[in-house]
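Next come two complexes, and both contain chain A; in the first it sits with chain B, in the second with chain C.
And now, the complex of A and B:
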């Protein structure tokens, strides 16, 4: 179990041989997890809908490699946000026998799992693998704004400006760690930020 | 037994205080001179007359003012009341539990008349007279959980049971000790307790979960929990922490007796009949240090508990900044005499 009891465990991608449709959402280095997991299941690619955004791995050009494996449908997205828009549209019309997979940074996995939950998919049924940076997605508990790719603590809220301590507490529904004011009791001081989650 | 409801505030000018009767019935949570986490769960049986445990749902002199404070919180932040769609049956179960209990034990203040699904609820202190159809949400001005918990002291959570776990899937939380329903909704038992230090390692949550999964209908249980709060503020939410956190820096040797409050949570759990969900109620009671020491046994004992508290617990409960000043104040009321076993005043 993770040291943070509310933090999900990402056991790694494992192909569901019985799935009629593999719905795969990968970000950055998550492409390598997909290539490895599906290397021994050549038939699965013809039943795969693959969404990919290069994210932090743009120079590595995993998208050509993925496309080279000829998934049934391949969607290349410029950002995580655009990938999520497409994923939500696909989940709206997904049918029985669809298996959902997520690979990449934790913020990406979290958003995919939250989208699955919102569509009635049991979170434990989603196959996940963490690849890439340890950056966290954080929600400001005060203004409820989200901040992506957080590597430092405290981090100023991108929305309301409150300097946030990132608590070791994770919400699957919000796909984010909890950010709480670090200087509420010392309003005149803001501790220096440290890089913690690179 | 007619309760005299006080007019008082839990914010801004903080006029809240306890009458001598309310002090005497305060649910003091320490049965010995030291404190450590334990699965201190007991049957929620009727306690001594006039105590906070006399009835399953305790209504006291702060009722009307607490309900006004809740309405203010909800107006500012509607996310304090949320319910996932599958919890609607549990919401009706909760409405029945609270209305039945309040009407049975406080007939001077609340009446419930049932004719099949046609119900008639009268809440005297809040001036509410509502006829509605049980099971039909369109006949109430709010969804059932929100409707009844705007009229009942304490925070309430509705907990679903599946996959051998408990899931925090609905609630109304406006008087919390620094946790967020909006953040925790949808979490399981281990997840929502994640930030609590030490207790995971000594197996408290494993044992508590096992116990609660077997909770039987008609056999509610309770436990006491505690923390401390500066000023009689009910809404010590993380959402507003950047506004109230600074209160912790305002304690001085002169005002410690008035500003520092022991905050006790009477937590109770009921299995619900239709939904098989569990109600988890968290009722907060506040008492100023200068009120607490009017019960000599409590002044002595709380001095010893606070003085000897483990630093991790003091940090988690947010006491560190004013703990020593409070210990110094309480030491004047501790003559070193032995204290009798049990919670109640001598």
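And now, the complex of A and C:
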């Protein structure tokens, strides 16, 4: 547990049997979380719209397994970006009774939750489960640029080059952790990077 | 004062809105503007009936544009312990009352994309304020207002003028009822529902919402309970070393205050949780009437909300 309150907690996917529509956005190993959570709810698959991007799990071919469970609609996406485009279009026209689920790496969950928030969905009603890498999406607080798949700290900002200490401090709106200059007072010293978020 | 800052006010106008509802316009005694509040807020009004103090929460209807006055609406309840009866029979223009600072336990969720406001009877008072705020913000909203008959609808004309066809009325005498199967389907994702009214109506609407797959985070209600009277009993305030009697027409909190102890409170209607008090022991059965503690907490017998709950038995020992 982090001492920083904004550090998100992902309680795990839990099927809401009362939902009229299950809108599920899964990335990579998040497919396994979906299969496990919905294993005990066979009826739910017929009310499911499932969006999946394999990410680093492409060789495992989870997409065939998911499709084999016959969700009402299945959309396979090459990247997280294209998945988010479709998810936002679906959220635009979704009605109440729709429950949103996100599973996969933190960056993916964060983007799904942020999209939900932008559509008026309370973050507490979004079911989330973290699977796969601990890599973080980081915003540089100095130049405001985003860096994806960060596994080390400090990490050089991909935009302005400042070495950033990656904090647990999280913005739900930006779906990113905060990166702060690690050597503002001693610019000559750059501590060695450690791999913290593999 | 445990309830926070209090504001002495003068009643500037009393209006008989319906046979059973009066509207009171209140101005600060100091002549200064009253604090602004967010829609859904209430104040606790202190009434002094020949030395007997009563405090009731009332939702704020509105605040004059220049901040000079608040309006509250008071329903005369048949089994009133005295509060609403006092307001109806004894309070006239020119009289003084004391109100607390506004407190909001029923706020609008500002990230919502649409808002369904559902009111039954006097439950219209917070809904009235919320509808006005949503209109000012050009937000998307609907008002569903249920009443016995048109004559008992306390705010129909004002609401109709302000909200036009966003207002839908349901009259019991015309066999019209707010039906969840009509108002809930096809609402856009991000819709929030707010309901205030009789207990049965609130329960039915909330259940309908959950059954329709709405998340709990999107369902909001407010119910102020009048503290039910009951059998008299003794209360021992262990830390203060005081024993007091709770009369049958008195709430536990009122008896504690009468004994001279400044106990915590805020809403005085079982909703906010401020008056939660530890029970040391009790000889009898706790009668929990609040909406704040969980069922497990009620069953544990370790806590009580002094504003609306009491003891059926001989003696209650509190950590106060």
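Definition applied: the second predicted complex is superposed on the first by the 194 of 198 C-alpha atoms of A that agree within 3 Å, B and C clash if a C-alpha of one lies under 4 Å from a C-alpha of the other, contacts with A are read in each partner's own complex, and residues count from 1 in each chain.
Operating definition for what follows: a contact is a pair of C-beta atoms (placed from the backbone, for glycine too) under 8 Å apart; a residue touches a chain by one contact, two chains touch by 3 or more.
Not measured: the values here are computed from a predicted model.
Visitor: Is A:4 contacted by the first partner chain B, the second partner chain C, both or neither?
Guide: So A:4 only meets chain B here.
Visitor: Between chain B (first) and chain C (second), which does A:120 come into contact with in this model arrangement: first, second, both, or neither?
Guide: Second partner only, chain C.
Visitor: Which partner does A:97 contact after superposing on A: first (chain B), second (chain C), both, neither?
Guide: It touches chain C, and chain B stays clear.
Visitor: In the overlaid three-chain picture, which partner chain does A:46 touch, first (chain B) or second (chain C), both, or neither?
Guide: Once the two structures are laid over each other on A, A:46 reaches no partner at all.
Visitor: On the superposed three-chain arrangement, identify whether chain B or chain C touches more chain A residues.
Guide: Answer, by number of touched residues of chain A: B.
Visitor: Please indicate which partner A:173 is in contact with in the superposed arrangement: first for chain B, second for chain C, both, or neither.
Guide: first
Visitor: Output check: A:61 vs chain B and chain C. Expected answer is one of first, second, both, neither. What do you get?
Guide: neither
Visitor: Can you pull the chain A residues that chain B and chain C both touch?
Guide: Shared contact residues on chain A: 117, 124.
Visitor: Quick check: in the complex, which residue numbers of chain A touch chain B?
Guide: 4-7, 117, 124, 139, 141-142, 144, 162, 167-174, 178, 180-181, 184-187
Visitor: Per the contact definition, I'd like the list of chain C residues that touch chain A in the complex.
Guide: So the residues of chain C touching chain A come out as 109, 111-114, 184-192, 210-218.
Visitor: What does chain A use to touch chain C in their complex?
Guide: The contact residues of chain A facing chain C are 16, 18-21, 91, 94-99, 117, 119-122, 124-125.
Visitor: Provide the residue numbers of chain B that touch chain A in the complex, in ascending order.
Guide: Checking each residue of chain B against chain A gives 79, 163, 180, 182-187, 190-195, 200, 238-246, 248-249, 321.
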